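Scroll down for the structure; my scribbles are underneath it.
Note that the chains take the letters A, B, C and D in the order they are written out, and that residue 1 is the start of every chain.
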């Protein structure tokens, strides 16, 4: 008898399939999780299972507190410990990890994605930051957990609100993005890739171009977010 | 009973759907309007409505003179005031706003798209200009209207004929293009993207390459436009 | 009663449709012709007719000697006089003109496409040349014919065999390619675009990279062409 | 009566068709072979046969020892002698040769693909090397065999383990990749193209960016390979 998947497993499954079709991931790379804070758990993609073989019941429930897999389930994504640290520190409902090409490029070269225009400001209220590299000790032991901790350190150290800038570049690695729900997390990952592509092109043509006035960034961000938003119906 | 859409609403709806399929817009970004000068109104896409849910009757009629929505309608595009100023100043029948990647790149880096060859000259008789940045005061109050005014200022200040160069880059933001009708406006937006892509590539390889002789630009523009055109049947 | 198309018109029609599907042309830009030297005529695409409306009988027969349209036919491509000069000077059976993006980039920046590797040498035995710019006088009178003449001048002046390098870049304009038949002309235009793309990328990363040894270029060219070819069955 | 293909011919045929659909090859360029070491033979794609006309029985068995075609078969790929030298020197089950655009770019400019991040390290434990150019003598006589020998020389001279770095760039030519079986060889060729694309973009934006710490490269490589791998189920 087939195992019945929960609603959260269904949602995480559908979002991972959407991610696979988005062009943001390569092969089985990339993973998406969502959280149920009341139940104290997150659900995440299993590790290295081909997308065409995954089912909703394969999505792995993991305790937010202990990191243990709940019940009988496949091995969770190798990046599970990273997701857990982000849920513990950030106010978000879903997290996505991709190797999307242009965001990964900035991660690989340890560069922030500057906020150069209104397309960026519509989604991210300022530059998308890059972490410091992990130390050899952080790599050798609890690598994935330390990846999460260095992300949190980056936001806290630079006083960036993770709700206003819902993405990060892990140095030499790749991006993470998040949002209140899986659809928003994927949308943020898509726009992250778009603005990374623009910023790469800008850097290759006009490395001295500067950011717009702070007024313009705030204007566009606040047109779409917060109590005074006036975009949409 | 369903509201019956006017012919102009139908045309604007169809053109917005074509725009969505063109690859020139991302998500619900981008909008297209058309004008009925005899009736004193323009019709524009509603704000933030997913393309798959839009119907012709959702297209919003707006008074050219007052900017007021005519009748009961969804909220119009947040860029409505920009379109209005362009119709008031320019001789055109339709306007399109996109975030197409390469034209946006030039907008973000505040650079004109130089007329580097005959593909450009077939559509635009010279460089596509970029506006000055808006001032903080222009951003804080009537931002969208001021965007239109700064576009008009750019054409008048540089003595550019908006019929001969039917597109502009708004600094740090994105492009607008126009034409006598929606199909021509979209075609101009497509070619704008094409020549922006070429000019970006040229700048990254050969920043010292210079524009062709003015004779060649005029030759190609006038082969396709004006009383002595000899292209086509 | 529908006009019956000749075999050459059929072939030129099919090749123009293949060209439209190739991604090498934009809109109605681009054209392909083929020659029947025994009959003293070439057949070429009509000017500015949308691809979806063209029929084989619309392909225009033109006298190789006089340049006159033969019989009742649509207006031929505005580039007809260029094709005629190439057929008069070069040993080829079909000519294609595109605005393919990367070859056009090299034309716009007046740069040759250097022979940097074996992919290039499999098709072109050396650099693809670029013409000098046309003079104002050459632009003002018989522009299209002078375009053909300056291409021929480029090959003769640089002692390039048009069979071994079946393509050229017209300064500030776009490429032409040719071959013994329409299929080969299109294949050469495709490979031209491929090697232009590679050379642009090489120039942006490693402008000092140099061409391979002449031995390697000849080895690859002669593996596929001439009496000692040993590629294929 | 149709010739019955062996299981190895079937596998090589299917993999070549997958290669043709992968976007890694252009036209009939590119070829894939697989080896049966117990039987002392490899099977490889025939030379210059259009993909749509190939059948499993057209795949050519070649003696590993003598290089002779076994039985009645089409002429094998012109790169056959290169494949043979690689099988003789390297511990692999399948080899693929492509002209994929970005890997070819590095080959054409004689540059290694540096290991700049975790996506690269997941597949290749360090830089992907480039061979020295062949000498005129090596080009004039036994060109394809010498191509194989210079690849082997590159790995031995630089003490690179061909299992840990299953790809190479042949100077001025194009890449080869390999793996334990055809699927893995194609996957390695795909990832090679991906990391080449990233490294080109990095070089054009941030030529001074440096490789990550060796710890990070080993961590990612060993997460997926070897006795202590913990990725997947």
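Everything that follows uses one rule, which is that a contact is a pair of C-beta atoms (placed from the backbone, for glycine too) under 8 Å apart; a residue touches a chain by one contact, two chains touch by 3 or more.
All figures in this text were calculated on a predicted structure; none of them were measured in a lab.
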Handout entry: Chains touching both subunit B and subunit D, listed by label
Key = A, C
Fill in the blank from the handout: A CA-based fit of subunit B to subunit C gives a rotation angle in degrees, as a multiple of 5, equal to 90
Exercise for the section: Taking all residue numbers used at the subunit A/subunit D interface, answer same if over half belong to both copies and different if under half do. Expected result: different
Completion exercise
Taking each chain's centre as the mean of its CA atoms, subunit A sits from subunit B at a distance in Å of 34
Problem - Distance from the mean Cα position of subunit C to that of subunit A, given in whole angstrom - result: 48
Practice task
Going through subunit A residue by residue, note those that touch at least 2 other chains and give them in order.
Solution key: 204
Handout entry: Chain contact graph, described as a line, ring, star, complete graph or other shape
Key = ring
Handout entry: Touching pairs - complete list by chain label
Key = A-B, A-D, B-C, C-D
Completion exercise
As the complex stands, subunit B meets subunit A at residues 26-27, 29, 46-49, 74-75, 78, 99, 101-102, 104-105, 107-111, 133-134, 136, 139-140, 143, 171-174, 200, 203-204
Handout entry: For the subunit B and subunit C complex, residues of the former touching the latter
Key = 116-119, 122, 187, 191, 194, 197-198, 201-202, 204-206, 209, 212-213, 215-216, 219, 223, 230-233
